[in-house]
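Below are two complexes that have chain A in common, paired first with chain B and then with chain C.
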Partner chain A sequence: MKTRTIKTKALARVEGEGKMYLKISGATVRDVKLKIIEPPRFFEALLRGRAMSEAPDITARICGICPIAYQMSAVHAIEDACGVTVDGQLRVLRRLLYCGEWIESHALHVYLLHAPDFLGYQSAWQMAQVYPDIVQRGLRIKKAGNAIISFLGGRAIHPINIRIGGFYTVPAPEAFDELVEQLIAGREAARETAHWAASLPIPDYEQEYEFVALSHPDEYPMNEGRLISNKGLNIPVQEYDTYFAEEQVAYSNALHSIIKGRGAYLTGPLARYNLNFQQLSPLAQETAHAVGLGNSCNNPFKSIIIRSIEILYAFDEALRLIGNYTKPETAALSLHPRAATGYACTEAPRGTLYHRYTLNNDGIIQDAKIVPPTSQNQKAIEQDLRSYVPQLLNMSDEELTVRCEQAIRNYDPCISCATHFLKIEIESE
Partner chain B sequence: MSDGCQLSLLDCEDELLTIAGEVEIAHFLEASSMVVKGTYDLSLVEGSITTPRDIERIQQIRRASKRLVTIGACATAGGIQALRNFQDIDEYLSIVYATPHYISTLSTSTPIAQHVPVDFELQGCPINKQQLLEVIHAFLHQRKPDIPAYSVCVECKLRGTVCVMVAHGTPCLGPITHAGCGAICPAYRRGCYGCFGPQETPNMVSLSKHLSQLGVSQSGRRRVLQTFNAYAKPFRQESMSYENENNQD
Partner chain C sequence: MMQTPVQVIGIGNEYRCDDSVGLVVVRTQEIQNIQGIQCHELQGDGIALLDCWTADSHVILIDAVSSGSKPGTIFRCDGKQTVTISESLFSSHLCGIAEALQLAQTLQHLPASLSIYGIVGENFEIGTELSPAVQSAVKSVTIEILHKIQTIRQTMLH
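Here is the complex of A and B:
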């Protein structure tokens, strides 16, 4: 029987360093490995002995694309340990920051990393030679997302204004005026993006998944909620470790997450959309329907459309939040450390991001655990490749590799995050 | 290491397509599948040296590059993962991984310049994208980059920010920290936390004394120096001197 091995040397257009390895025997995929070769980074170890106030700045450095997600999970988990809830306008500002991050991160992925796959280009700048207006629109959207983060956070990468309890400085409502114009234009560009993404040639492929995401009674989930799934999971985030486990595999520097007793699951835009469609704004729901999406979606290649819908939602939500904003009396609540363990999940652009910290009475971190979305999605990515590749066996190795990379990019994997967390190898016998 | 610093280039939304039009981007895997074989006129390298493979790879890059510029605190100072240099690596491995022997890593995280000659180091965690554009522009036109080596204090004065240390008694690393961020933290009423690493001539002892007078404990001072630029020489020496004093507070 003919056996093929396909290996990519280094996966492009993903964040961090990884490889893919595929072994195909006849019409059967014998082995799939997503190898994370990004060197280990030891964040959980180096957080031990640090002051709780340092956690948001330190964990931000795990990722340059989603530092807000790390800062948010960190502040919420530590506030949980201290028994404090940050509410009101400070919560509004945190949600607004998160909108900014969803916009910039999704726009980066949709336009610069993923769209070239659908249109057959190797990079966005190559694509821009043929579609300059489209790429420019993507860059404008990304810039608007970064504008929110820079305005509230001080800078777009590793923002400095986020602290436990709130912020160092909070803006006056009128300071948002300039930003609002940019966001209104962004919202329209995002609506166009959804229509454009839906017009891309999307492979016909569906899969049964266990979708996992936060869910909140009043809003599309970002900063808080219960962790739910379409297969009956419904838990407070404090029980995360009871239901989820991380496994180490020999071929990867990233740990693999599973739901205990069930295995692989999927987190990220597709999961959020499937579990929380009703919480999207009317404009986002209408647009989703107008571009041909139903209230649920099991085709991971359509994640590019769903990301566009989430960009649209994030603009809509940001404008709503700014419209209702009044300046809070204090920039930050004061917290008193105590010996306790705190937990938080927030929805990073790529999916649920879990943080857990154990503090001593002086607020020094004794133990930290961080589970990024890409670790959680690794098994689902491997399963997708296992069931998708048999449809592609008549392709050349080169073509097959391109299609597999596209399938991996459905998850917008962030490898730096997961080495605590891609290259492709395909082996045929 | 984290792809934050190369991301700065993708964050140049207004300039990205112009840059891509004027230079041939030969190897930028985060954004392009296309790889062009060297020799390269200019290589921008982020990340620190933490594995045996990194050492081989940086030597290959040096050989293939006419000019090599390192960008970001990982590349110029070892990054936050250089905290391992002060610790036992086996303990770190066992905290994160159930089966540590699967993992290949060095016991240290070191700056690129410790392994190969470097033409310019652009500091910052993260780097400033305007400074990155300036460095690219300068090297393409064969001139010296205009990157001031003075302290964040100068940037506060230029920006008209009142000194947070003098006016509010907020501990601040501004006097010892390299300019480049635009003095953001003090403008948000926060003390500088040194993410751009040491300025050219930092007076570590004097600042340490000031921080102490403002009530920052020795362990607090050690922590703030041992963060994103922990292994940069002035920060390292000062923070190690605390440990040598042997009077834990």
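Here is the complex of A and C:
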């Protein structure tokens, strides 16, 4: 039987350090391992003994791309423990902040990390030499997302204005005027992005997944909702640990998440879209249909189009939220700590982010659990490669490697969150 | 009269000891007291650099360097000279300065001038203290930057 051994250098355009190992025997993929080699970061242990008020700022440091997601899951979980619901205009501002993070994170991935795969370039700057206007558009969109975060959060990376109960300061409605102009232009650029992304050469590949995402009766999910799936899951986030488990695998420093009794599942833009299409704004729905997407999608390579639709939605939603905004009477609600456990899931750009905190009566964190989206998607990534690679066996080792990297980047993996670079090692026999 | 747009940009992680030296320089009273300049603090996202300047900006950028040279050594370079990078370096969400400059060059978005000061660090562990040699370099590089800004303004007047 023919034996092929392929080892590649570091995989570019992912966040974090890891390796992918493939063992191919004839026409069969014998083994796939996503090996996260980044050392564990021990954030959960670091949080023990800290005041509950510190959780948003500590967990924001887990990721420079999606700090809002960490801050939002942290504040919601601690508020759940304290029995407080932050509603009204403070909730509006939190959702607006999340729109900013979706825009900047998705724009970065769509334009600078993933698009080069589809156009045959090794990097965004190589692509920029041929498509400068397109890359400029991506940078403008990213800048608009950062502008929302800077405006509400105080700075674009690791914002400093978020606290348990709300914010340290809140803006007056008229302060949004300049931002609104930028967002209107951004929304048009996002619509163009969706059409451009749909014109990219998308591999013909579909897979059956269990999609998992938040679902909310009134809105496309960001900050809250029930956890649902296309295979019958429908639970409050407080029951997450009953239905989901994390497993250690010998070859990786990141835990693998499974749905108990069923195994791998997929979280992220593809899952949100499939489970919540009807909650997208009319403009986002119309654009999705105009670029050839249906109400559901099982091709992970089309995630680049779906991210573009989510960028469009986030601009549309941000403008809607700002249009209805009135300044809240208080910037933050008061919270009184109690001995309790609080739970929250929010939708980070890459998928559902679960936080759980146990507090004592003084509000000191006794225990913390954080499950980031990339941890949850590791098994789905491995399964994709297992079923996708057999279609590619007539390719050279080099081509095969490039296509595998592209498939991995469908998930926009953030390995730093999950435990940084990914090396692919393919062994064929 | 319009002031020449001068941007002083410090890059670093303030919780990684000597990595924060760029931020420390930007925060010095000497720099903060200069009228008509814009100061920026970045935490390492190279792409954010492109948002800091326009085509007529004169940019002074300060960052920590890990090179094996003697701690506190100051490297100076013209950022508009061609920056050569390895493809594999464009490897994370937070692209580095070299990659960002390459992208800016490709997109014809480099500023009018770009002076880079790199200060060799000694200790990049968790903490907020600068090493003595790096602390000394802060004084030297701040004086150099003051002179640089003066030179930029005088040149623009003529």
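FYI, the second predicted complex is superposed on the first by the 424 of 429 C-alpha atoms of A that agree within 3 Å, B and C clash if a C-alpha of one lies under 4 Å from a C-alpha of the other, contacts with A are read in each partner's own complex, and residues count from 1 in each chain.
In this text, a residue touches a chain if its C-beta (ideal position, glycine included) is under 8 Å from a C-beta of that chain, and two chains touch if they have at least 3 such contacts.
Only a predicted model underlies this, so the values are computations on that prediction, with no experimental measurement involved.
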Chain B and chain C placed together on chain A: clash or fit? clash
| said: If we overlay the two complexes on their shared chain A, which of chain B and chain C does A:I160 touch? Say first, second, both or neither. | reply: first
Give one of first, second, both or neither to describe whether A:V92 is in contact with chain B, with chain C, with both, or with none. neither
Applying the document's definition of touch, where does A:S123 land relative to chain B and chain C: first, second, both, or neither? both
**Message:** By the touch definition at the top of the document, which applies to A:A250: first (chain B), second (chain C), both, or neither?
**Reply:** first
Q. Given the touch rule stated above, what does A:L333 touch, chain B (first), chain C (second), both, or neither?
A. neither
Of chain B and chain C, the partner touching more residues of chain A is B
Worksheet item: Touch check for A:R48: first (chain B), second (chain C), both, or neither?
Response: first
With both complexes overlaid on chain A, does A:I202 touch chain B (first), chain C (second), both or neither? neither
Residue overlap on chain A between the chain B interface and the chain C interface 10-16, 64-65, 108, 112-113, 122-126, 128, 132, 135-136, 139, 142-143, 146, 156-158, 420
The chain C residues in contact with chain A across the complex are 43-45, 47-48, 50-51, 87-88, 90-95, 99, 102-103, 106-108
Seen from chain B, its contact residues with chain A in the complex are 1-5, 7-8, 10-11, 13-14, 16-17, 20-21, 25, 28-34, 50-51, 54, 79-81, 83-84, 87, 91-93, 95-99, 102-103, 105, 125-126, 181, 184-185, 187-190, 193, 195, 220, 223, 227-228
Chain B partner, complex, touching residues on chain A are 10-16, 38-42, 44-46, 48, 50-51, 54, 57-58, 61-65, 67, 108, 112-113, 116, 122-126, 128, 132, 135-136, 139-140, 142-143, 146, 154-158, 160-161, 163, 168-169, 248-250, 253, 255, 405, 416, 420
Within their complex, chain A touches chain C through residues 9-16, 64-65, 108, 112-113, 122-126, 128-129, 132, 135-136, 139, 142-143, 146, 156-158, 414, 420-421
